[in-house]
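Chain nomenclature is as follows: A, B, C and D, assigned in order of appearance, with residue numbering initiated at 1 for each chain independently.
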Amino acid sequence: MLGTGLLKGLGVTAKNFVGSYHDPERYTTIEYPEVKPKLPEAYRNFPFLVTENAMDPMGTLRCVACQICEKECPPQCIYIEKSKDKKPDASGKMQIYPAIFDIDTSVCMSCQICVEVCPFDAIKMDQVFEIATTDRYDALLLRREQLAKPNSYYQSIHPTEAAEVDGRLAADRKAAEEKAKAAAAAKAAAAKAAAAAPAAEAPKTPPPAA
Amino acid sequence: MSANDFSPLAPQAGSHVREVHDPLHGELLEVSMGPHHPSTHGVFRMIVTLDGERVMKLKPVFGYLHRNHEKIAENTTYLGSMPYTDRLDYLCSMTNNWAYAIAVEKLSGQPVPERAEYVRVILAEITRLLNHTCLAGFLMQDCGCSGTPLMYAFREREKILDLFESLSGSRMMCNYQRFGGCRVDPSADWLDGARKLTDNYGRFLDEFETLLTGNEIIMARTQGVGALSPELAINAGVTGPMLRATGVNYDLRKVDAYGVYSRFDFRVPLGAHGDVYDRYMIRVLEMRESIKILQQALATIPAGPIMDPKAKLRGFRPKAGEAYGRIEGPKGEIGFYLVSDGSPNPYRYRVRPPSFVNLTVLEDMCLGQTIADAVIILGSVDIVLGEVDR
Amino acid sequence: METPEQIRDRLLARFPGAEISVVANPAPAAQHSLLLGHAPAVEIARFLRDDPTLKLDQCSNVTGIDWPEKEIVETTKSTVPDPAGGPPKVVETKIKRIQPGYLEVVYHLYSIALGHGPVILRLRTGNRTDAVTVPSLTPVWRACEFQEREVFDLFGVVLTGHPDLRRILMWDAFKDFPMRRDYVAPDDYEWEPTPHGDVLEKAKRHYPVPPAAAPVAPAAQEAPKA
Amino acid sequence: MSDNPSAPTPGITQQERDELRRQGILLTSIQELYTWGSSHSVWPLNFGLACCAIEMIAASMAKFDIARFGSEVFRPSPRQADLLIVSGTVTKKMAPQVVRLWDQMPEPKYCIAMGACAISGGPFKQGYNVLKGIDRYIPVDIYIPGCPPRPEALLHGLVQLQEKIRGFKLTGPDAPRHLRADLPCDYPVPEFGAHDLEPPANPDVWKAPVLVRNEKA
């Protein structure tokens, strides 16, 4: 009968209208400014730099200014200048640090390639999206002071990923310590042997300078 | 008329070179629709010559979203172009990613682990659901059912986008696939979410079809409008649902059987008339087949690595050569043609855009129809300007 | 499907005197292509479309490639017998040679009827400046219509026999061919907060001239280099 | 009632106004009424350019529901619109049409540059046909970075715009553009040139600061 399809269609809209009062499948509105969206853990917006110590963010940046992200960034929105001196990083090793690290968020396409190529787990993706502004130049060019966020923040936004990264870094650090310890022990043993050797076999050993 | 004696240069009905200077027609009116027009799906422009309401001539004008994807890709690394492919057809980033990954894998001979192939199939089919649902919504918007179908389509789209976001981190620009696999392994929870979506989607489709398919107004509005002959469709390079709506059985998932599509049991729906209604119905039926593929893929997805362990992320330099890789995207055959000279950047990077080529026959479909029909014919082609103009 | 060599042989038998050669593709995909001369290209294309064993009824992809002129250094090794009677010496001779540039149009053909492909056709122009014509294959496959216009627009290849050869993506008054490799983009690098490489070179043109006299400037520039 | 920009209702403190409001008496000034009204009925132009347009459509759909901000009335004609959401890449071929649309919109009108492309050309800024920011030709009120910004980010930008409108004064040097005779009200539409748009930027609107970067070591 002509009109049956129409009536059936009206039935669907009526079902949706009534359903929007009781069925969460049909009423999907999020009252945004009052209710914040539940962002999934994987959500990414713009990059930030991880620091080990929230009290001294500039001193404990994981970034060593290797400039890999700058080269790999597809839209070329990262600018890094290496420091001329070295500073101890969180584990006390002397490292170059970024004297300038800027990200132009007016260009960034949130592609996460900087995160994927970073060998030091120093750059990660942030989840802040409420960044509308009236100033295009200064407000959207993030300096390293604005980019630096503590590791605890990283753990709070990407807990699974951060736990994995922390575990890996701890293992690396432990391995490095053991290596250093072994190297120190070997060095000490060698020095001991060397100290013992000249006394006994001094004539046989050629002078080191020769 | 067979395909063999078809000559587009001969003046005949449906040809783009037909002159419309007929003293009986009186004054013709030339209307420029677009680039700002509510029904052109973005910044597409058509210069339409009208006799009263009848379309006598229709010239598409492109380039209002020509953002130089190919030139930029030739100046970045192979990996760096992956996020740009998201922005080609911005409704279906996953299939764009896959087409590009397949082209690069052909170029470099990179194998892909089995689990990644399954994940790619799952994501591509979810993308097909997403694209076809939105297309149906937009098409109905063009027909004049303002609001309701599009609103329902976007409600379902949000559910799919939530899935994409929880997997890849972004709603639209997933940048998920890599040469030799995928970026992250979907968790068991994610796969459960995908199963739930698949199970519920059939119900949504039933409801959507009750609303639209049998509706007398829509049938009167779309049946017999913008018919396309299979001969012309083949000769003009039309692919995807538009080609199958004319009755040509050509689906790259069956023909090329790329990925692991040969393992799934699904049918290729075919149309009979090639009109707007058929193009709408083909998409609805394809969604039903996609659900079938999804159910099979989600039930049989194997465990294993998601990335080939030998795949390189940085410093990827394929040897000199060239390759053309293509897949069946939701809009048609999306292909990438890559020429490598051994450097980290492709020497030539070319996107074969499905909707751009499908627009070749827009004039042929619109001639003799009314201007209001031209709007829904364009809607049924399913264009996304990011891909048309690149 | 027949191999490109078989297709070439069959085409040569059908079109005696035509220039047809196979261009090998070293990539793992091994999609070799057929390089066609200009004269019977349209007829060859029509033959490929209508031939019952090939039936290449779909022209999927049309694109241009720019191959600018490049200098090739060929090293040839030759063994020169030592007149003194010792072991023969290996002498390397280097020949520099300018390989002329050309523009290329590539067609990817598939068969919907038989489900095979691709057969790849290549057409080359004489050079990149004044002999930039190739025959258009739009009379054979309508699919080429917009894509050939795009090749004309972005590469500047003039496709003779195309029914409507106008710019398609850029505006009509545009003069350049932007996909050519020697295209110079307009200078709009006033605000480049994150430049490096080429972009830095372009951005530098907009930097203010330092107010201090010349002797200071080199020192200031050298400092970061150190 | 007063339209004095510094004190909305002189002589009455905010506490007293709150008390009066509780008693059912609403005091306001013309300025407050004007800005309150115009901030809650910002009708956008139904104008999508690229990827961000899809997120703009999503923002107007059920889940995000831009109607809660009084902006659900997407007008297809610029003559009826207050807000131009530049949602996506503005190519050089499209830029003259965008400027023309902006010129056709009646004052008061506002512009939101949504997404990286509209702000600066974004990821496509290296392209030969991409305009590096729509603010080269028309004044932009709010910039929303993101590629694309989430619909919530668009809503956040809209709230920022509403706050900006509520801060407008009706008189004096801080008055918005449409209430001042000395500011330009039409913006020249660029012409298609042989190599680029002419002019490549509108110097009345756009002046980039200088940021000198050093040569890399």
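We adopt the following convention: contacts are C-beta pairs under 8 Å (C-beta built on N, C-alpha and C of every residue); 3 or more make two chains touch, one makes a residue touch a chain.
Every value quoted in this text rests on a predicted model; they were computed, and no experiment measured them.
With steps allowed only between chains in touch, the distance from chain A over to chain D comes to 1.
Judged by contacting C-beta pairs, the busier of the interfaces C-D and B-C is B-C. Once CA atoms are averaged chain by chain and compared with the all-protein CA average, the nearest chain turns out to be B. In this assembly, the C-alpha centroid of chain C lies 44 Å from the C-alpha centroid of chain D. Chain B and chain C have centres, each the mean of its CA atoms, that are 28 Å apart.
For the pair chain A and chain C, the distance between mean C-alpha positions equals 41 Å. Taking the mean of the C-alpha atoms as each chain's centre, chain A and chain B sit 35 Å apart.
Residue positions of chain B with contacts to 2 or more other chains are 63, 66, 68, 71, 83-84, 87, 155, 158, 173, 389.
With touch defined as above, residues shared between interfaces to two or more other chains in chain C number as follows: 169-171, 178, 191, 193, 195-196, 199, 224, 226.
For chain D, the set of residues touching two or more other chains reads 62-63, 93, 120, 123-124, 126, 128-129, 147, 150, 208-209, 213-214, 216-217. Shown here, the protein chains touch in all possible pairs. Chain contact summary for the complex, chain B toward chain C: residues 3-4, 7-9, 16-17, 62-63, 66, 68, 70-71, 106-109, 232, 234-239, 248, 250, 255, 318-326, 333, 335, 337, 339-340, 347-348, 350, 352, 356-357, 359-361, 389.
Put simply, chain A touches chain B in their complex at residues 2-6, 8-9, 11-13, 15-16, 26, 28, 40-44, 68, 72-74, 109-113, 116-117, 125.
Within the complex formed with chain B, the residues of chain D that make contact are 46-51, 53-55, 57-58, 61-63, 76, 78, 88-89, 91, 93-94, 97, 101, 117, 123-124, 126-130, 147-148, 150. Chain C makes touch with chain D in their complex at residues 169-176, 178, 183, 185-186, 188, 190-193, 195-196, 199-200, 203, 206-208, 221, 224-226. Against chain C, the residues of chain A that register as touching in their complex are 70, 76-79, 81, 84, 102-104, 107, 137, 141.
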